[in-house]
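Two complexes, one shared chain (chain A), two partners (chain B, chain C).
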Partner chain A sequence: MTLLRLPARLLGGLMLPLLLGLTAFVVFGPLINLAMWAFTEQWFFPNRFPSQWGFAFWERVFRPRAGAWEALYHSVTVALAAVALSLALAIPAAYALARLALPLRSLIMLVFLLPQAFPNLPIFVNIAAMFYGLGLNGTLFGVVLVHSLPGLVYAVWIATAAFSAVDRSLEEAARNLGAGPLRTFLGVTLPQALPGLIAASIFVFLDSIDEFTGTYFVGTPDITTLPILMFNASMGGNYQIAAITALILLVPSVGFMLIIERFLKADVLARIGR
Partner chain B sequence: MTPNAIAILRRHGPGLLLVLPALAAIGFLYAYPLLRSVIFAFLDTQGGVTLAHVSRALAFYGRDILFSIGVALASLALIAVVSITIAGYLTLGATPWAVALLRWLYRWPLFIPFIVAAQTARSFLSRNGLMNSVLMELGLLSPAAAQSLLDWRGLILTFAWKQVPFVTLLLAGAMASLDRATIEAARNLGAGRLRCLLGIVLPQVRPNLLVGLILSLVVIMSVLSVPMMIVAGNPTMMTAMMAHRVTYYGDYAVANALGLFSYLLTAFAAWLYLRTTLAREVRR
Partner chain C sequence: MAALELENVSIRIGQARILNDVSLQVPAGSFTCLLGPSGCGKTTLLRSVAGFAPLSAGDIRIGDRSIAGLPPERRETAMVFQSYALWPHMNVGENLAYPLKLRGVSRGERERRVAAMLERLDLAHCAKRPIGALSGGQRQRIALGRALIIDPPILLLDEPLSNLDAAIRRTLRTELRDLQRRLGITTLMVTHDQEEALSLADRIVLMRDGRIIQVADPETLYTAPADLDTARFLGVDNLVPEGGATLAFRSTQAHAGPRALHAGLRRQGRVIDSTYAGGAWRIRLAVAELELTAMGEASLAAGTPAWISVPDHALMRFDAHRDAA
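Moving on, here comes the complex of A and B:
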């Protein structure tokens, strides 16, 4: 019996590393392929791997008039403006949803969820048609507005959770000591909710940096953001430039995700959606 | 105003005032475009009601609608199987280092934007992509048999690659909060790990799995970059066809009619979910 089991055990022991190796290849293989393209100078079909490596395309992407700097500038400005607009709308709303008496509170929460609960492509198509009439197509402001729709959803939900995690007794103590409602909010509530609000800002920022569909309908061809630049390069068959742009897009996503756990604490996370 | 209305206003006024700007933004950027998309799907040029756009959408893009449904279902099936396997191993796995490694490994695609995922798939799954290269180096694939997966298979693989971590995260979280006692009891009575997963763990986390799959369906029906970058030509996803209709013909009516089908599909999935969960609630 034990003799029979031994080879099976050995096989089982090999199976696990093999499966994990396969998982690692599935997860990282595409990313490694992307990184390879970013440093490729020549790679034609019969060759299994690039025949010439180098930084030539990096220089080409970052040449002053190549469009990458402009796309980066557009992406960052739009993302910062979308964060500002979403948070400016979401903070008062979230405070009210977390703290004040509201009729139909759960219905209002549901309204702030709907944009993520249904396919949004027809929405972007119709926003583009509306913006065309308003002269907002092809403007930075139009792109900021369209990025603020998903942004507002994230911001309201996370900020509501952040405000409901704030200790009420501290606010009451401040009020008892004679501070007005605004002073209490700015001095007591806001600093305590700040990590959650920063987390909300990070989500809005990332979503805006990576946003493609809305920009495609509202911004192009006048406004080129990094995702649009990457898309155009890829569709034009220029895989090196597409790969380099994609790597640039990965920096904020991976970087922010590594630090987000510091801002999105468990007590806030547990309150999302309540 | 009646004293009653004044009392309501005094009680709810500040809250409503603070929520109003955000609600107005949702109204302008979501509710109005949503209404517009439904109304314009049925409106002819004279302002009358017509079914012409819907029937044209069906006639021109019926194949794409079926293709989208097929790709979505196949993606969801793959997502479900892989997520259950990974989450199950994370919960029931007996080799600590392997569990820790897998936990670190599976999350990565969650952080990768869709547009980047589409580009990685475009290079990885192509005929001279890294996948074929590695298979050839290992001697598992002859160069003559190498083919590009950039068609429906590429769509399914890319959607699954991107959504598996999300569904796994939901599932593993739900599994971790289950009562360990029943699992231990079943294990002690001799149930294998697979039987334990399918018979005891999975039925308890079914609602979480369904929520993850429905949210993934919405994503699959919304993402434009993946079908545009992976599939060249026909048939393709409805999303790519809607964009095509708008950018090349300026035909918003047929695009909106196509949009109706994507709403209907997700609404049908949501209805199925509600029906099964409500039936469970009633049985309890």
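Moving on, here comes the complex of A and C:
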């Protein structure tokens, strides 16, 4: 028995690292390739590795006229504005939804999700046509609106879950002890739902930072964000520039999450430990 | 004078009639308990006073002022929730200070009153603790302190002790009673635990199916329940039909033994079994087609004949027609 079990156990012991390795390769493989391209000066086809490494393309990307700085600036402002706009609309909507009876709430939220099930290309083409009439094409505001569309759906969904999870007796205790409805919302409900709202804003931010299709139809050529820059570089066969832009794209994403996490730590972690 | 008065209050939610034509006067300074089986509408009644359960009909007054139309924040009733509802994003001191802050009390005054309240609750060392670091009993006391800190005219308690274990519950019960006496605050408390109601209240309001069945002091309620169902709810476990009426008594007040005692009710039967109940034996007897239970000094063997004797003062008589009403 034990003799038979030994190889099985050995196999089992090998299985896990093997699987982990495979997963890591699938997830990180393309990223490693990308990272290599970012530091490549020469890389010819059959070779597995670049023949010449260097920072030459970084210098080209950050040259003032190359547009990377402007694209970065656009990306970040648009993402922040999309977060602000989506949450400003989502918070009251989600609060109202969370207070609805359950079957009705689920129905409304499902309907809300419906446009997301649609292929978004025709939607963006239509939006672009509409925005053209309104003079919003090629404006930052127009791009913010386009980014807030999917952002709003995320935000409403996550915020509704967050508000539904707030114990109503906490709000009632505040009302009972003298707080009006608004005071109760700001002093009790909002702080209780904060972790969910922060999760929502992270989602909206990340979604906006690498949004491409909508920006392409509504923003270009006047507004260039990092994904647009990357697309242009890739189409021009300039993989180095595309790779470097992709790496730059990580900066605001990681930065935003770090700031939020730092901000979360004191307040929310204390609460999770409750 | 009634500090709090409910007049013909009815509450319907959809088709369900949760409260039916409830009228109640809560005397100033009294400790009044709402007692009744789970689901009979006690919490709903309490919430209607606090403004969280809109009335379908009737009126609620504090003193001579109607509060039925006021939003909760303007009713000046302080409620302790069954779950305590302490705000987890504030520490203990902040929880206590928040109601004062809402009333525009200055910072210095707030700190002074919070410190005084923590002192009174014997929790001075907990001021800076997060709510999550408190034990159940401490949470309960903070919830009580948060309600009392605004000096409310009416204190509402919804099963304040039911989430605690037995030992803490007894300590806090005494504490609650002392505090209420000392402050003289009109208190309305919900409980489904008759022992709690009997030991705490000076008036008990017995409820069933959204109605008030009886309002009485604890002793009257215990010895003279209004009807058979109430008697059963209050631990009356033996029923003997007699003519058109029913005689009822508690097994703890009846005696079982080989000989009959001088008593209002005496019956002979056979022992079914004896179980030790601490200090005495609980003896089940088959008397004709009835099964009765009484206490005896000694265990009796199953099948032996025995007498059950119930003193007059322990007997309650319920007429059949009144019971049906």
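By definition in this document, the second predicted complex is superposed on the first by the 212 of 274 C-alpha atoms of A that agree within 3 Å, B and C clash if a C-alpha of one lies under 4 Å from a C-alpha of the other, contacts with A are read in each partner's own complex, and residues count from 1 in each chain.
By our rule, a residue touches a chain if its C-beta (ideal position, glycine included) is under 8 Å from a C-beta of that chain, and two chains touch if they have at least 3 such contacts.
Here the structure is a predicted model, which means the values were calculated and not measured.
Residue contacts after overlaying the shared chain place A:A90 against chain B, while chain C stays out of touching range. In the superposition on chain A, A:Y239 contacts chain B only, with no contact to chain C. Ranked by how many residues of chain A each touches, chain B and chain C are led by B. In the superposition on chain A, contact is made by A:S253 with chain B only, not with chain C.
By the document's definition of touching, neither partner reaches A:R60: not chain B, not chain C. Once the two complexes are overlaid on chain A, none of the chain A residues touched by chain B in the first is touched by chain C in the second.
If you check the complex, the residues on chain A that touch chain C are 167, 169-170, 172-181, 183, 187-188, 191-192, 267, 270-271, 273-274.
Against chain A, in their complex, chain B makes its touches with residues 8, 11-12, 14-16, 18-19, 21-23, 25-26, 29-34, 36-37, 40, 95, 98, 101-102, 105-106, 108-117, 119-124, 127-131, 133-134, 136-137, 161, 215, 218, 221-225, 228-229, 239, 242-243, 246, 252, 255-256, 258-259, 262-263, 266-267, 270. The part of chain A that touches chain B in the complex is made up of residues 16, 20, 23-34, 36-37, 43, 45-49, 89-90, 92-93, 95-97, 100-103, 108, 111-112, 114-130, 145-146, 148-149, 152, 156, 209-210, 212-213, 216-217, 227, 230-231, 234-235, 239, 242-243, 246, 249-250, 253-254, 257. Of all residues in chain C, those touching chain A in their complex are 50-52, 71-73, 75, 77-79, 81, 83, 85-89, 98-99, 102-103, 130-132, 146-147, 150.
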